[in-house]
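Let me give you the structure first, and then I'll get to my questions.
So that you can tell them apart, the chains are marked A, B, C, D, E and F in the order they are listed, and the count of residues begins at 1 in each.
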Amino acid sequence: MTTETQADFQPRVAQRRRRGLWWLLAFQAATLVGIIALGALLYNVINGAFGYVAVEYAVPPQQFATGGYALEQLHPLDLDYILQTHVSANLYRKLQQDKPFSERTQPELVDLVLRYVVKPDVVASWTLTDSLLRPDRVRAEWEAHYPETTLEFRSWLTPSFLARPQSSRPEYAGVRTAVLGTLWTIAISILFTFPVGIGAAIYLEEYAGDRWYNRLIQTNINNLAGVPSIIYGILGLAVFVRMLEPLTSGALLGAVPPDGTPNGRTILSAGLTLGLLILPILIINAQEAIRAVPNSLRYASLGLGATKWQTIWHHVLPEALPGILTGAILAVSRAIGETAPLVVIGASTYITFDPEGPFSRFTTLPVQIYQWTSRPQDDFRNIAAAAILVLLVLLLSLNAVAILLRNRYSRRA
Amino acid sequence: MLRKSFDQDLQRVRDDVLTLGSMVEDATLKAVAALKARDLKAAREILLADKEINALRFSIESQLMILIATQQPMAHDLRFLASVFEIISELERMGDYAKGIAIINLRMGDEPLLKPLIDLPRMAEKCADMLHRALTAFMEEDVTTARAIPQEDDEVDALYEQIYRELMTFIIADPKVIQRANWLLWAAHNLERLADRVTNICERTVFIATGEIEEMDTKSDEDLLPPE
Amino acid sequence: MLRKSFDQDLQRVRDDVLTLGSMVEDATLKAVAALKARDLKAAREILLADKEINALRFSIESQLMILIATQQPMAHDLRFLASVFEIISELERMGDYAKGIAIINLRMGDEPLLKPLIDLPRMAEKCADMLHRALTAFMEEDVTTARAIPQEDDEVDALYEQIYRELMTFIIADPKVIQRANWLLWAAHNLERLADRVTNICERTVFIATGEIEEMDTKSDEDLLPPE
Amino acid sequence: MEQPLAIEARNLNIYYGDFHAVRDVNLPVYKNKITAIIGPSGCGKSTVLRSFNRMNDLVPGARVEGEVRYRGKNIYDPDVDPVEVRRRIGMVFQKPNPFPKSIYENVAWGARINGYQGDMDELVETSLRAAALWDEVKDKLGQSGLSLSGGQQQRLCIARAIAVRPDIILMDEPASALDPIATLKIEDLMRDLAEQYTIIVVTHNMQQAARVSHYTAFFNLGPQRAGMLEEFGPTEKIFTMPEKKATEDYITGRFG
Amino acid sequence: MEQPLAIEARNLNIYYGDFHAVRDVNLPVYKNKITAIIGPSGCGKSTVLRSFNRMNDLVPGARVEGEVRYRGKNIYDPDVDPVEVRRRIGMVFQKPNPFPKSIYENVAWGARINGYQGDMDELVETSLRAAALWDEVKDKLGQSGLSLSGGQQQRLCIARAIAVRPDIILMDEPASALDPIATLKIEDLMRDLAEQYTIIVVTHNMQQAARVSHYTAFFNLGPQRAGMLEEFGPTEKIFTMPEKKATEDYITGRFG
Amino acid sequence: MTEIATQPGPDLRPKRRPGEQIVQMLIFLAAAISILTTIGIVYVLGRESLKFFTSQMWEETNKQLAAAVSPEQTWLPLTTSGSRLQPGDVIRIGAEVMEVVAVDGLQAQVIRGAQSTQAMAHPAAADLYREQHINLWQFLTGTRWEPQIGHFGVLPLVNATLMVSLIAMAVALPLGLAIAIYLSEYAPRKVRDVLKPMLEVLAGIPTVVYGYFALTFVTPLLRRLFGADVVQIYNMASAGIVIGILIIPLVSSMSEDALRAVPDSLRQASYGLGATRLETALKVVVPAALSGIAAAFILAISRAIGETMIVAIAAGAGPNLTFNPFQSAETMTGHIVRISGGDLSYDSIDYTSIFAIGLLLFLITLTLNIISQRVVRRFREVYD
């Protein structure tokens, strides 16, 4: 029977294999597209963050390059002298009042010199690719359009970019306030979310029986995880900024904002909003980590006469911890990158002072990027790119930690 | 019904035991018939048949061992297999008795029978009949029959005693016939022993069905004695 | 070494078989001694001892079945267990022969022995010795010894033949002693049969060790015949 | 010969929600004996076993009726703490489940949370010895319990159970995840342990029950798929001469 | 009596990366017989089995040396397509793995991709009948294969393997995930199938090998933990009178 | 060991463990916070939307009284600035509500003291506010969103949202699925170990960066390809494509999870029957993972609809009902961000309008998420 029915089969293996090859190519191409997109994105950012610029100076900085030392390397006393000789006495006095020159650091002084004496003005900028690959064209354009300016290669991402506060002039703008705002906000989120999130996860995984309210909580959390972040913004706006204004503005606790008007648009509001936003993610991740702990471990412990909490504390949590942390880090990096809800609850975009506490008005890195991106001037795109690099480095390092943690964890399992 | 192949194997064992039984039965009847007819050729055939009996017995035994090794018998199956060990050993021995009669026949050579055989064939028939029914009971696990058969052993014993006494009178009358009388006596003794062994088969049948060994030896201590 | 408990169980079986063997040996020697001394009390004790032999045999058998049911014996273990089935059956039968001699003793009642016993005790000793060594070989799975012992059966046969002839002369001289001569003849016959069965134990010993059944029956077809 | 009882189920009925999983079980368990529970899949063997140390409390929807008497007390009485019960009636599971801690800690942990005051090193050694594992691990007590082989892990779990000095050890198919050799080791170990502990073992493997246990309880599916105790008796009897037809059919593999 | 060969391993050596997993195996497999492969864990039973239909190709790092001769051809020759080999040498796995499709589709799928031209309904029925499953599923061919019980699923997998009309069926512990009754059903089925197919079965369960197979190959761990064929022969011989001491020790459970 | 045997009756009574109960209480509360969040969302969105749809709202008209009026005066002199009044409008000056009866050039005839307010005198240059009413039907079907003139039709926003999402799906679904299949079925371990983290990086990049990418990379590219006159600086296509890229990792990772959840045994079964790798992947693995993949798709749509920053940056401001992907149009989320970004008065109609849009957005995404979860649950059941 075997031989006679063999005839019924026409396997045509070669043909089937050829078809397989074509599809494989398609799959690989798709993957390639994904990688290219990532590459293009990074390329685009880096492309904007460095490149030639045409700068106009009130006083060219070379003028101060004494004894072969560039401006940035001069001694504070020299810088003080330059300021004294180039700015009006009024301004000098005002600056002295803000903070005595003797107390200012050398980079701060350099900054003052640049801002009040050199007064660079970027009139045009070129991308990194153009600068590197087609310097001739750049030079030609420069000579044609901005002959009276200086052409120099500029990195928009500099240490002083990190150290400077916001400014309306891209040349002077920095991300310090934004970075500090981000850190403050995230700290508040973490403080609020971690205990609540992990607690909730433990409850749902270890204690919750099959009751209607537990099911409700679970379904609810799953749904919250899919709610667009902007809705959280609206929620934060209505609840934290407005309803709880006395609390979030700090008025209840006696904190008075610099401008004297209590306002709920504070770091606390932002932190809580982001906290709520990542809470469901954190809970779900933590639940998954806890669920991944095999039941056999719990039974082993309970079978020895351990109580439920002993079991959770000694076995379940330690086993789940790497997973919980991984999930938490990913949730936090999500919070760091969130923009829309903060815009909605009214992150202030132009803030030049450092946040001092939970009741400060604030801006954050992504909000800052958003603002700069939506300005029409090219220079703002450049600093947006620089700020993006800062943000990405921050996130990538967080992600790297998470991935490392997870890999160690999954290898053990 | 699961364990199809095990059941098939068990059935084959059962069939083989039955075959073995009928071979023995056959050999017994033929041995006595040959003796009665002083047919040496037939006697020689019985010697050959006994070889077959032995071979079949060992073949069954190795089947049993294979079944134990491969089928993990338990409970009823196990009692069955264990009993078959004993039963085939008994059957082989019964075959030996038949062969013994054939050998007596051969040893007698030219010498005529001391007397025409009447009781001996009757004894043989009775034995064969008991064996046959014992094996049927075994096949059917018929406990009632198995319990009844050993009672009939008394008949065989009676016949044996009768033969014994008769032969004694022959010897006392003329001691020179002692050899020829003894030949017949041995033959009768073999049949008597054969009948005893049927009892064991019956015992095993009851054991398979109930798990209990019941001693069925009606005369117990006497059977090893010569009749008085 | 794994299967500790199985090995312990196997050892217990082995020990029990040995005990059974020595009980049989003992019974044989005692039965003949009692006959020689015409000690009826001792003869009765042997009847009781035989009950113990039977009980032990069934106890071993049920141990075997439990081991098969619970331990899934294979290969060597299996051959061992299967052989023990046969060996204990043989030992029980040997016990029966001893009992038979005791019964003869009892049946003789007041009547004196036909002649003082000389060869019969020698035969019994030879038988007991063979049995003893066969069981030792079995315990030690000593194939060489197991193969050698059956050869010695000839000695027993020779003794039996001698006794037979001697008794025949008594009968021919005076047919009235036929009953008393027959008693002794039966006793001798029992011993002769007993020795034959030792051969089977040896066969099984070889089988356990090698997996092969070797027929060791040196005289094969003759043993069922009365000596001429 | 009346044996002393270690624990006993009386009119035990177990439900999962509406499903009557186990019906009217009366099962005596004798002290220092190994009692095997066998039966077809889904007949409630594990359910009954878990009811002996209230592990069923952890199963949502499980409900127990009737009594499980342990030292004259029904462990389902309201004034009985299941945590206490579980310390006295330990459990070993189908898949070896050592804690992801050191071998030492695996054994010591249970004793520690139960407030063991004595010499911990000694306890660990005694327990490992009793589990026939000491020689294999004595040089690497600090290594993770997970680094052991399956059979060793299972013995570690047994050592861990022993370390809290239970009266009774429940085992749910303790060797079914192991290879035959590790299985035989566990079986040998069980027999040794029976000198000090009472053991109840659920097994799918009839031969194992036959090899290892003193008593065997055969569970069967009754009407409406409820599990019930079909036959209970000495193992030798159950396997060579069961009383019920159903038992015979099951052990000779002619069931269903 | 020389039996006709279905497939044969000649000087087979299998490596995982640097690890020599199987050394110098010469194993004949006779037509229409069931050949069981037994041996301690990790001795390469599954590895050898997979080498018979080039399933090892799918294991990264696996390398096969030597020959597996099937119909006079080494299946590892470069001009042999593994896809073809696998159609003729089917496989049934340890855990039942029906496709999450209907019962009908489960059986039909393999035939369809292999360009089956005949009457599909008939093929499905024949295959299910051959797998002793038809009566149980004939009224619900449209239901998912996953809705069946474990034992039924395994028979479905067998039906599926049969449907592409292989010569040889490889089974890797086909019943180890099943309860004893389902196991016996599979064993009975295997014996029936052996009338038409050649079966090679790996099993951890010696008794199963003993019950079901005609020939048994005992694999053992050789030097450097490489698996090797210790003894091969008719099952009855291996289990009642093995030639090698190692085989005897293994089958009587006195190994290690 | 004997100590146990000699123990008297065991003490099985329960021990007090108050700590355990407190802990349990606390973590229950933690879990319950999520419910509060949902209630908060629903309450806030609901209340403000209700205000938007029902309650009175006063919109600045940028008109003032040209001169002071007395309580009796019914003709009001108005300035030229601001929006035109029409008969039927309800207006408010100070605390007094009036109903416009007729308009004649810069004069409006009104009924004074409407809605049970008191007619009173008003100084010159007092601001005029106009009452706003929005009904649900108009909101849902209106094709113009021009709050200044009182048009609150949400369709332009919805349309833009759908357009953008569609484009995003067209990019993300095929690519995401193909990547998932490649990673799970084809890629050698090493390749996968490299690619997966890369895709995860892609997923971890904040959306604002994607917005930047859309505006500064994709848009110029599109304009180069299709012509600067065809493609506006702010356009839906660019935003859609980039959202698609953003969502690729989501689709591919969820789909890959689904594919990998298909047990290896199925693949082996398939190979064992003589199937090729493609047949195994497409005919066995993908169908087996179908519901997981479907769930990924649905979730992806939901994400696309809720995505904010990319559209806020790249799709442009200003509601615009168009089907041309190269034109600028504002999505729902984009609108919310733009409106709330400024310093809004909490009473303005614009402020409440974002809640109404938010509610709509919430309902849409919620529905999609629930469907997705249902599908996932069914899918999980198959293998458990």
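As a working rule, a contact is a pair of C-beta atoms (placed from the backbone, for glycine too) under 8 Å apart; a residue touches a chain by one contact, two chains touch by 3 or more.
Everything quoted here is computed from the prediction, not taken from an experiment.
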{"item": "Contact-graph separation of chain A and chain E, given in steps at minimum", "value": "1"}
{"item": "Neighbouring chains common to chain B and chain F, by label", "value": "D, E"}
{"item": "Selected interface, E-F versus B-E, where C-beta contact pairs are more numerous", "value": "E-F"}
{"item": "Interface sides of chain D and chain E: same vs different residues, half threshold", "value": "same"}
{"item": "Separation of chain D from chain F, taking each centre as the mean of its C-alpha atoms, in whole Å", "value": "56"}
{"item": "Whole-Å gap separating chain B and chain C, where each centre is the average of the chain's CA atoms", "value": "21"}
{"item": "Between chain D and chain C, distance of the C-alpha-averaged centres to the nearest whole Å", "value": "49"}
{"item": "Chain centre separation in whole Å, for chain E relative to chain D (CA means)", "value": "35"}
{"item": "Multi-chain contact residues (two or more partners), chain E", "value": "83-84, 87, 113-114, 164, 181, 184, 206-207, 210, 239-240, 253, 255-256"}
{"item": "Residues of chain C touching at least two other chains", "value": "2-3, 6, 65, 69, 72-75, 78-79"}
{"item": "Residues within chain A bordering two or more other chains", "value": "11, 13, 16-17, 307"}
{"item": "Listing of all chain pairs that touch each other, if any do", "value": "A-D, A-E, A-F, B-C, B-D, B-E, C-D, C-E, D-E, D-F, E-F"}
{"item": "Residues of chain A defined as touching chain F within the complex", "value": "11, 13, 16-17, 19-20, 23-24, 26-31, 33-35, 37-38, 40-41, 44-45, 48, 195-197, 199-200, 202-204, 207-208, 216-217, 219-235, 237-239, 242, 276, 279-280, 283, 307-309, 330, 333-334, 336-340, 343-346, 366, 369-370, 373-374, 381, 384-385, 388, 391-392, 395-396, 399, 403"}
{"item": "Complex interface listing, chain D residues touching chain F", "value": "70-73, 75, 79-81, 83-85, 88, 165, 167, 196"}
{"item": "Interface residues, chain F side, partner chain D - complex", "value": "1, 3-4, 9-15"}
{"item": "In the complex with chain E, residue positions of chain B that touch it", "value": "2-6, 62, 65-66, 69-72"}
{"item": "Chain A residues within the chain E interface of the complex", "value": "1-2, 5-6, 8-14, 16-17"}
